[in-house]
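In the two complexes below, subunit A is the common chain; its partner is subunit B in one and subunit C in the other.
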Partner chain A sequence: MSTTSDDRSAGGIAAPAGDRGGILEVFKREPVALAAFTIVIFSMPLWIPVLGGYEGLATLIVIWGIFVLGFDILLGFTGYLSFGHAAFFGGAAYVTGFMYRDVSDNVIVAFVASQVGTLILAVVIGLLAMRRTGIYFSILTLAFAEMLFAAALSIFAPLTGGYDGMTRLQEPNLFGVKMDGLTIFYIAAAMLAIGYAMALRLRNSPFGVMLRAIKENPMRLEYTGINVWRYKMAAFIISAHYAGVAGFLMVTYEPYVATKFLHWSTSGEVVIMSVIGGVGTLVGPIIGAGFVLYFQNVVQAVIGEQWRLILGLVFVFVVAFLPGGFVDLARMVWKATGNRLRARRHNVPDMELTETKYGTEERLR
Partner chain B sequence: MVDQPAAEPRAGAGGQPYFRCSNMQSYYGESYIVQGVGFEIDKGEIVALLGRNGAGKSSTLRTIARAHAPHLEAGEIWLEDQPLHKMAAHQAAQQGIQLVPEDRRIIPGITVEENLILAQVAPPRGWDLERVYALFPRLGERRKQEAITLSGGEQQMLAIGRALARDIKLLLLDEPYEGLAPTIVAEIARTVEKVKAEGITTIIVEQNALAALRIADSAIILDMGEVVFRGRAQEVLDNEDLREQYLAV
Partner chain C sequence: MNDLFLTVLAGLQIGAIYAMLALGLTLIFGTLGVVNFAHGALYVIAIYAAVQVAINVDFTVALIVVPLFLFVVGVVFERGVIRFFYDRPHTDQILVTFGLAIVVEEVAKWLFGANNIPFPRPDWGDGVIIFYGPGAVIPPVPVFQEAPQLWLPFIDGFVTFDYWRIILIGVTIVAVSVLFYLLQFTRFGLIVRAGMRDSDMVQFLGINIARRFAMVVGLGAAIAGVAGLFGGPILGVTPDQGMKLLVPSFLVVVIGGMGSLAGAVLAAVIIGLSLAFTADNPDIQAVIIYLIAVVVLLFRPRGLLGRKGVFE
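Coming up: the complex of A and B.
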């Protein structure tokens, strides 16, 4: 999937001239960011034990990294806060589980099926939820995800295993190669690296500029003949597919589908990870995912159940004092040590700094 | 009624007026704002749409541009042979309507050049960017700057530049002079003249009625959501009673 083809299908109109490079264009534009990102991700099994982590945690971080990266394309670029992304993560997980249990143990079959399932879900939910903005959009997405959760536990229980989740799956494999240990880690890491390259490419493309403009002033775009709704829908579907890929990988990594994958708390975790890391920065939410999972798995082992309290405090601290998340913290440190920053505006949804005659004030959009 | 609306013959070459709207009725929620407004405009004409605060001027412009609010409930809007009353905002824009609203005229978070590029994504395509920069050299100098960092006058230039970057037929300017210094007002007025030289028909809604009348060919005066005068701009400038009654100038 190349981002430029998304661009065309999104608007039904040609992209502006001067930026027609394919996905490979990003290697020319942001070689350092991409190389650094890939090295850090792929070497995670080497360095995470130093921090008290383990191989499986690295895999989890990479899978959730894909999930939050897609979430950031929607929230960070267009400003739409979905509170129902568990629908795509869990939906794809259930389809994957169904494939492994009843159809085929081949990962390619499960991958294709899970993405078809994600697409159908994203189109149906998007068609209805994307008609509203702000809090109404959030509530609609939450409602859909909860309906799906309820359906999985009730009418679809014979298929999904109800409260027990989906068990007794065949061991996923790629033509005989088992998906265990480092194999699944490197597959997931490769998908994250590709997903990150695509997200960077998307951000720099005319489609990305369009999404940023939609966040700023959708009506203005309609007055210049642009069907804003189709662009928003495209962003929503792309974002859903990242969640769907993560859901597929989750079940491939650990052949079991937990009901929690569809639960609202999964949607909530993605929001927390994004906010802690830095919404709209792409790399921030992935760091946020790593941080939260590290807390859940490593810090919990040391301090016990108190980890939730500590994580909650960190979240409150970030929202109150660091609206740009950890990425903002890194920028502050970078600046404080006498370095120069490339100018980049705050990219925090819903809040903007506004010049008024009374001085600068923060206001809700 | 001071004058019969559309007293002058305004037939175009083929007998059909270039732009025509009739009996437009639009609502903000339950409030009835535009109450049966209708008029015709010739190709290339600059029309000043005037009236007191709350007369329904901006609402009339927004109705023509098919904005979401106010919502058009009845009436017809024709640009040449295109029925705009049957279209959504973005479709009307693709037929050559361009509304430059009074609030934020530009898209703040992106650069000057990106603002112009986005104007050319959907058809019809107008001037290329270099030609826009030739008309407004200051925009050319600031092309990589974020649009929000421009001054008020420069933002208005960018808004008009966005319109020219599209091959538009009818330009709708809502309060283009609002909050601008007199020297910039003169500069915008010169710009509107240039737009006119391109053969683009323009409707200007403006609180500063005298400034608008000076560049307009004709005028429409609204009161309480209805047309109460339609005639030449000079007539309004000459007729003090009319100005006093409906414009308070």
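Coming up: the complex of A and C.
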């Protein structure tokens, strides 16, 4: 990476705008990917019923898609495995629910409030959990999310409704327009498309390169005089906001806040979706979300109670034998059928572990 | 004084199960560097194995069979799964053990249902224990007369406590002592501790460290087996017990310091006592362990007894 972009990004965590076309840049760089993505997402209510799904499933997939997209910015780009993302999803859901119940039924008010709540949560949890890396980080995020879950059921029970969740919310609306059926779907789908475009832009920005550098070798980055902490924190907060938006949409779609939104199983589900789909590929986790939700809602009707068991087995299989997830599988199939893969953009050459007679070695691919 | 004594006992009992699970976790982590998200699943296997043997055969048989069975499960788990993940990133190790935890929980749900299976206590562990002080008169009721009794100088009158919970505390002390003995005073322990420092070097010296490590996982699993055997009758037998206990056990490990056995025991006692002393106030009790974790990690990021440079 050149020194000029180093200087630019060292000055501020935001991606430098203006000189290369800002946010619109991505439309020039990845036009096909983005257009295809948008078409597939927006047409989902048309093709999901063909596969045995229903309209609501499309909405759920889109909402969880936003959630996992943000998760991928943290895990896929930066290499931090959070086991507590339910904190942001559920936190935003509770704030949204509180807004609908006690303050206003306007979605914009609830949206702003939920994002403020997410920001506060992300800063507090980030300051504490980001002190450590790797496994410590996973355990700490899990602990903080569980703490929030426990608090919601005890200290804040008068506010959150305890084990019953938040019920009797006003029907959310946007200046009179009810948020039901396809309306909320298209709003969520638009947010997913925007979120996807932002994530693509992020990946190709100097900021994104910094995040990947953190994943590769944070110490080396620190030695070059870069404030690694600031980049990590920014990635964490951005990732939390995606989760927050998803939480807000979830309650707007179905005006009810379940305690499950804060439970660790929600965090676990996001992890499963991301890994099955393919960590770090942006599209992969969304496919993973679709797969898991399809399994949960459609395949369950066919195979019954054991769907979670089968999903767990699929997950273990993917972790063990297919670390790149479905996207990697698609790549392999693509390669095996005689096509050439487009080179992936990387700041370091692709290394792979090679068995030699002297043991494993890192070699250029 | 009586209340204080009972609260401390309650705290030790809560801490006992956490201590046994956390010891296994920290042992596996310290030797293999693997965070075992499936440790709760080992506990689940233990409670179901224990309850089946106890109902169909006898609890005394379960006492021997279950820890041995769990030892085998642990060894198979290491040889069959973890072994292939030593060279993979930490996140992959977390993910695969997490996946296995889900699979075990779902298999348990499938085979035995999601509802609690009543776990009968053996006759010798039923009833209460009586602690009595100077000049106490124990009522001439058969229930009290036949119960085990213990004289303690500081008790005013007499108090009763669930006998099984006292047994649990005692078993934990024995299990922890045996583990410490194994690791500190035997050749096996010496090799394992050396392997914790530098496993490559130990291997160069001609020692089959892989076999020792498999046994370490087996040991960790066996302690989880003991925890399930004695914890099952108190906490219940449901498939989600594993995950319920896993999070506090992780916190115990983190508070005590990753890889530190003494730290795990110390932290388990602290957590247990703090839960017992806040029992009057459920709101505080619900979050107290997380608060302790936050405070400890703010002031001692490596945990209470954590050493520098352990997998950082």
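Note that in this section the second predicted complex is superposed on the first by the 323 of 365 C-alpha atoms of A that agree within 3 Å, B and C clash if a C-alpha of one lies under 4 Å from a C-alpha of the other, contacts with A are read in each partner's own complex, and residues count from 1 in each chain.
Everything that follows uses one rule, which is that a contact is a pair of C-beta atoms (placed from the backbone, for glycine too) under 8 Å apart; a residue touches a chain by one contact, two chains touch by 3 or more.
Because the structure is predicted, anything quoted here is derived from the model rather than measured.
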{"item": "Contacts of A:L74 with subunit B and subunit C, given as first, second, both or neither", "value": "neither"}
{"item": "Contacts of A:P323 with subunit B and subunit C, given as first, second, both or neither", "value": "second"}
{"item": "Contacts of A:E216 with subunit B and subunit C, given as first, second, both or neither", "value": "first"}
{"item": "Touched partner set for A:L282, first subunit B, second subunit C, both or neither", "value": "neither"}
{"item": "Partner, of subunit C and subunit B, that touches more residues belonging to subunit A", "value": "C"}
{"item": "Contacts of A:V107 with subunit B and subunit C, given as first, second, both or neither", "value": "neither"}
{"item": "Subunit B versus subunit C as contact partner of A:N227, first or second or both or neither", "value": "first"}
{"item": "Partner chain(s) touched by A:M147 [first = subunit B, second = subunit C, both, neither]", "value": "second"}
{"item": "Of subunit A, residues touching subunit C in the complex", "value": "75, 79, 81, 83, 128, 131-136, 138-140, 142-144, 146-147, 150-151, 153-155, 264, 268, 271-272, 275, 305-306, 308-309, 311-313, 315-316, 319-320, 323, 353, 360"}
{"item": "Subunit A to subunit B touching residues, read off their complex", "value": "11, 13-16, 18, 206, 209-210, 212-213, 215-217, 219-228, 345"}
{"item": "Subunit A partner contacts - residues on subunit C that touch it in the complex", "value": "35, 84, 87-88, 90-92, 94-96, 98-100, 102-103, 106-107, 109-110, 243, 247, 250-251, 254, 258, 282-283, 285-287, 290-291, 293-294, 297-298, 301, 311-312"}
{"item": "Partner subunit A, residues of subunit B touching it in the complex", "value": "65, 67-68, 88-91, 93-94, 98-101, 104, 106-110, 114, 117-123, 146, 162, 166"}
